[in-house]
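In structure tokens below, several structures.
Next come two complexes built around chain A: one with chain B, the other with chain C.
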Partner chain A sequence: MLTAFDLLLIAGAIFIMGAGFRKRWAVLQLGRQERPRRDLVGLIRYLFGQARILQNRKAGWAHLAVFFGFLIPLLVIILAQFDFAMPAVIAFLLSLTAELLGLAMLAGLIYFLLRRLGSNEPRAPQKTILPVVVLLFMVVTGFLAEGARLAIIPNGFSWSAPVGWLLSLTLPNAPLMMQLLIRLHFFTLLVFLAMLPFTFMRHLVAGSLNVYYRRSGSPRAVKLLLLEAEPTGAKSIKDFTWQQLLEAEACVSCGRCDEHCPAYQAAKPLSPRKVMQDILCQMEQIGAHGSKWSTEGVPLLEEAISSEEIWSCTTCMACVAHCPLYIEPLDKIADLRRYKVMGQGRLPEEARKMVRDLELFRDVYGKGISLRADWAVNRQVPLISDDSTKVDVLFWVGCAGAFHPRYQQTARELVKVLQAGSVNFGILGKNEFCCGDPIHRLGDASIFLELARENIKQFNRHGVQRVLTLCPHCYNTLKNDYPRLGAVIEVEHASQFVARLIDEQRIQLKYPLEKTLTAHDPCYLGRANQIYEPLRQICRAVPRLILKELDRSRESAFCCGGGGGRMWLHDGLGRRINQLRAEEISRAGVDMVATACPYCVTMLEDGINSLAMEKQIKVFDIVELVSRAMK
Partner chain B sequence: MGYGMGPMRIIVCLKQIRYTYARTGRDPRQSFLAPEDQISRVNPYDETALEWALRVRERHGEGEVFILTLGRLTAETDLRRCLAMGADGLYQIESDAPLDTWAKSGLLARAAKDLAADLVLCGKNSLDTGNGQIGAYLAHRLQRPFISAITDLAISKEDRKVRAQRKANRGSRQVIECRLPAIISVELGTAVPRMPSFADKKDALAAPITKLRYEDANHSRVTVRRVFPPRPRPKRIPTPPSHLASFERIGLLLGGSRVEKKGRLLEGSTELQVEGIISFLMKHGFIDSGR
Partner chain C sequence: MRQETLARSAWRVFHLRSATLNGKKGMMDIWILVQQRHFGIEEVTFGLIAEARHIIADVGKFGRITAVAFGNGLSEELPKLGAYGADRVIYLQEEDVAGYHGELFARELVRLVRRDKPSYLLTAQSAEADDLAPRLAALLETALISRTVDFKIGKNSQPYAVRTVSNGYLFEEIQIECPAPVIISFLPSVLTPDDPNERVRAEIQIEPLAAQPSDLKTKLIEVTEADPETLSLEEADVIVAGGRGVGKGESFDIIYQLAKALGACVGGTRPVIDWQTLPFESQIGQTGKTVAPRLIVNCGVSGANEYTAGMENSHLVIAINKDPRARIFRFADLGIIGDVHEILPTLIKRIQDLKDSGQASSAIYV
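Moving on to the complex of A and B:
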């Protein structure tokens, strides 16, 4: 039974907790206001399913055990404080579940504790051990109190409390000790509650809120920011939205982003976890200063996050896909880049040429629109112009398909495939500009918007409704960004389109290919747009071809290292990302690797060449594979 | 004029050019140019000159950089982008008549005088006409030292001495020194022009352009007599003799107008070879046969 004093203690603990959270909430309010989406169903499903957390098996199950081991016994004990009669069966079941969950929680906590003690990562959160020890103490005192209670009223073994019974055998019949243990158990809970906002355990609240307010659909960073509404990137934490700040609050520094981050894995300076923790650290600094921050000025983000870090990102979205709390380090990095480029004009030297090329020539290679259709000369590729007949689908070639010597070949192969499938298609030729993805990822939204508006003008002028793109980056931009700028188009990637042609039997893949092949998922097709199947579907459609999956595929596919404008930046720090991937591919023991992206093809070819293997693995675009099997 | 006093005033001459990167047109009178074969831009050498000017101003912590352009605003967007890179003002010398380099240099020199420039920077040459004379003419008109095609630039703030590096013969470098005021033309390379920030770009779009007008353009001492499109030069390939086998004829066609070298290798003993030489010389009248 609770005494008045206990109630006072509870109130005290809740007061401390409330005060702590209020202070942190005030820092959150420094962020820009944005109307969030609310998703209660999603939150409940998330809390009770924990699917995202279970992506990492061991830690996921341990987390599940601790979560339910804390929640259910707490509810049972609260329920027990109210005197009411309960059917014996239910009471029995509740007691048993509480005990079993308590055991599970104990195991989970010990696993966590050992994991933390065993890890020597410098960025492992300092404040994780204390809450785990407190929880551990709570579980142990809970079981001891149960044992002491059962030692006082010995009624033999009961299935309702096996652990309690076991412990009661060793404990003396001492009411005082029982009282003491119950108090201890109770106080530990209060201490735990009071310290919630001050340790990483605040993720109970912040994480849940973050899931509640999380965005739907594709990651925020692949979505377009409109210039009129958005400031030019993030100079200090005040330029983030409060939701982005909430994400930093929710971060428990578990390191799954680092585990999957290609830049981090290649020993480059970037760690998505550090980015989030740096933001959190600045928020805490500001919080600690209290009201003084307004006079002293907030610290700038570049003080904590170096430019090497933000330029190392390939925007592959692995951090976003693997965060158990739906935190997106990527859009913070994108905001930081935008401030660097649009706010300060500080783009790395080597990439400036590409920006000039885009401004002047409208393509990333600086060749000029006049030469855009040269790859298609004498290949009966219809050109969409004012006086041409209407076509069903526009083939959006992209800069790589139009100009890159290796990928021009792919564009021609796609033309062959389309002609074989008697698709009524056309290209824009001189009227197609770069879609704007590279410059958008590098952080200049103004040039991107300029290019996008020109392209959309062409779509509208020629009544384009369906677009087929060769490059996943074009695909992502046309599909996710252009509609917000007024384009009414239906976009398909070449792999989807060709897979459909095969499905509808408009093209036949007759010629067998006795090879083992693996698929490399391009980030902007896979993680950004959840298109994994067409690639595999096509591979399976080629007779005798054996498809072998890589260790890291689909959601976990490792980036080739070419995205996010990295294609135009020097790669001097750490190891090369494409070599890491090439090594993984070579370990798979395959003859060929198929992908569907010009960056991936180039990067993987370079990576595989650098391995200098005896039997070189061939890199193909999926389209080339199809045209090969058609001949 | 106040040379040598106060913060430095640098003038950068920017030429707006139409750069032709392709010839996809069908009309020979248009020189096979389609409208999209050209882009309007600021001469990249001049952009680099601007970058150097901005670096000098940055290093000194004071001074002013003005952009000077001549003629109609054919590449205004790009010009304003240059302004956004950090120049303090944009001057345009109005002139509609087509001018040659000598006349242009006269106008530029007068503007440079009016603006009290301590240093005038320009590109080594332009991507369109590319005669690379403007810097030298300017120096002549203003009677100032001239350093051409520099790749590095340092100006000491105290004694206003210019130290410039340029590429010399066979990969070596020259360091050249002179005193301000001076004229310097700039080579591409080491200084990559900076990127303007978004706010600067927006400001530059609305920035005023100060117009200068000079009535009497100096008339030229050098005249351009004629401008004409190049006529495509046909590759001359003789018809292969029809008695040859087909693969030999194809070989001749692919080889173009290659002429077989006529010559005779002398063989045999030394005496025979010497005799051969002597008879060759006598036959062609290099030596007299009488002696």
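Moving on to the complex of A and C:
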């Protein structure tokens, strides 16, 4: 039973913990205020399922064991402090559960301890050893206390406390020792509570809060910036929203983002983990300074995060998809880019031509709107204009389809497929501008908004309701960004559209293809919009085609290296991402690789060329594959 | 085109009849500065004439185009100016002046401008013109508009020019209120000549220089030709570009040899930069330099869009590639199917032989 002194100690521990968290909370309040979404159901589901954490099997199970090994026995012991009668079976079951979970926790803790001690990574999680040792001590004293208790009241073997029974055999009948062990066990818990905010273990609170307040929507890639309301990117941590700062607070530096980051894997300067930890580090600096920061000025983010880092990002969202705590390093990188571009005007030199082309010609290749429909000449592609008849679906060609010589071919193939499926479609021709994705990802919101508004005006003018896009980047922009700017459209990607045509038997894939093929998931189709199936569905629909999955596919697919404006940036640091992916594809031993994105096609073709293989793997857009099988 | 020529001959008749109109009100006289190189007139000059003709046509008034040339050795070339549309050529001939001399040219031009009072003075930006135009503007106390991409006479006869600012990132429109003669310096890339009409001839006035070389404060001592190896790619007239097909390391030396023989700059495609055979500064293409040389020889380049985006404005394109289906051939004026390492040694030898026999000097200036 708890004494008054114990209650005082509990109050003391909670006070220290509260004070620590209050200080950290004050730093969060420096961020911009924003009404976040709250998601209690999501949090409960997250805590009890731990699906995100289990993406890494070993560490995930160990985490699960420690989590429940701490929570359930704690609840059982709290329950035991109250006097009430309980059927013996239930009490026994509770005792058994607590013991088994305690064992699991012990195993998990030892695993974590060895992992930490064995790791020599400089950016590994910080301040973890002490809390793990404290927890270990807590488990051991818990078991010993249980053993001592059973040694005093020996009631023979009981299935409800196997470990306690075993220990009781070796322990003397000593009430004082039992009391001592129970106190030790209890004080360890208090120490653990009190040190929560000061160690790695603050993620119990910060992580849970972050899951509770996390942003909604599946792509969550880069939030739309409406110039009027928000500052131009992030100069210091004060330009982040408090929710973004909470993410930094929640980061445990586990490194799963690095593990999946194409730039990090290609030995480029970027590490998403470092970005988050740098932000956290600046927050801690400010926190340590207390009130002095306002006079001395906050440190600038560029002091910690170099421009090479932020320009290395391909915005592939692998870091976002693999963060066990729903942290989005990409989102911070995007804000840093915005500040570089809009705040300082320091867009990398080589990308400036593309920006000028967008401003003058409205396409990324600088060809001009008047040539936008040239790829479709003599192909009976209906043009949507003021006096054309209404079409069911607008085929949004995109800059690559309209101008890139390799991808014009794909656009023509899609036209063939659509015509074969008797789809009533049309294109906007010279009334279509670039969707704005490349410049948006590079950090210039003003040109993006200008382009987006022009395009939406065209949609409204011609009563466009359904749009079919060839490029996943257009798809993502039209689907996720345009509605927030006032577009009322339903968007489908070509792979989805064609997969449906096959499903409805409007086109027949008759001609067999005796090849082995693998699929490369484009980031903006897969991770951003969770569209994985159509690509595979189409591959399976081609007779005799054998589909082999790559080691890294779907959620874990490795980027081609072309997104996020990287297509227009110089790639001089580290290895080339497309070559890494090409090597992975060549290891799969396939004849062909199918994807569904102009950047991926260009990058993979180049990567495979660079391997100089004897029998070259062919890169296809999925649409080309379909039209080939239709002939 | 035909109609235009007719119209031009019509006012040429008028012009001949009213040769005394010189400098009178209502008559637009546009001067252009002739740019020369190795005793030949540069194409931008003809582009300037075309620009001047468009201005006159826009206004719909009678006008005259005067081309002003300096130096010596141009006599044979001058009739070309007439063929491209100049009405009068003023040739300041001076045997002693070889090449450009800023102080002298400026003095002489000021004298002529004060005498004839032209409406506008057009130049194309080049190393010489960038020196001369500011001198003139200062001496004449008039306005100079540099980096111009467009010049027009708008409503109410209000002339305006569009020029690039922020390194070509933005454009600005300038309304010209300064009294004549305003100097307008165009970016060479926006100038395109009209088709020449060989039968049309211009009146050529040969003027002696008024200033004596002894009056001058500056003296030309020596002209040093730029070393193509250190020249920036964007400024090069001749470029030899190597691609993946050439090969790494020592294989790439053949490109240097050809460049040396041609007096050309060396460029490369992205894979070559990746191999660190060439520095990033030598990369041509979407993420590298955008070039428009008079001649580019593409060796072992397949011609992906990302590369051609950086060189498609080149004047004469030669491509050498093993693959007959290589995309680069679509851009080539001359395509050679074959191995770079077989073809180039022969080519280099031929160029060397020609050079040794002294016949190659003009062949190389394409």
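One rule holds for everything that comes next: the second predicted complex is superposed on the first by the 626 of 631 C-alpha atoms of A that agree within 3 Å, B and C clash if a C-alpha of one lies under 4 Å from a C-alpha of the other, contacts with A are read in each partner's own complex, and residues count from 1 in each chain.
Note that in this section contacts are C-beta pairs under 8 Å (C-beta built on N, C-alpha and C of every residue); 3 or more make two chains touch, one makes a residue touch a chain.
All of these numbers come straight from a predicted model, not from anything done at the bench.
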Fit or clash - chain C, chain B, common chain A: clash
Contacts of A:355 with chain B and chain C, given as first, second, both or neither: both
Touched partner set for A:232, first chain B, second chain C, both or neither: first
First (chain B), second (chain C), both or neither touched by A:368: first
Touching partner for A:346 - first (chain B), second (chain C), both, neither: first
Partner chain in contact with A:510 - chain B first, chain C second, else both or neither: neither
First (chain B), second (chain C), both or neither touched by A:572: second
Contacts of A:446 with chain B and chain C, given as first, second, both or neither: first
Partner chain(s) touched by A:430 [first = chain B, second = chain C, both, neither]: first
Region of chain C that runs into chain B when the structures are aligned on their shared chain, from 182-190, 200-208, 236-244 or 272-280: 182-190
Contact residues common to both interfaces of chain A (with chain B and with chain C): 352-353, 355
Interface residues, chain A side, partner chain C - complex: 350, 352-356, 365-366, 404-406, 567-572, 576, 602, 606, 609-610
Of all residues in chain A, those that touch chain B in their complex: 232, 341-347, 349, 352-353, 355, 359-361, 367-371, 430, 444, 446
Complex interface listing, chain C residues touching chain A: 167-169, 244, 270-271, 273-274, 280, 283, 286-288, 290, 302, 304-306, 309, 327
Chain B residues touching chain A - in the complex, by the definition given at the top: 21-22, 24, 34, 36-37, 39, 41, 78, 81, 192-201
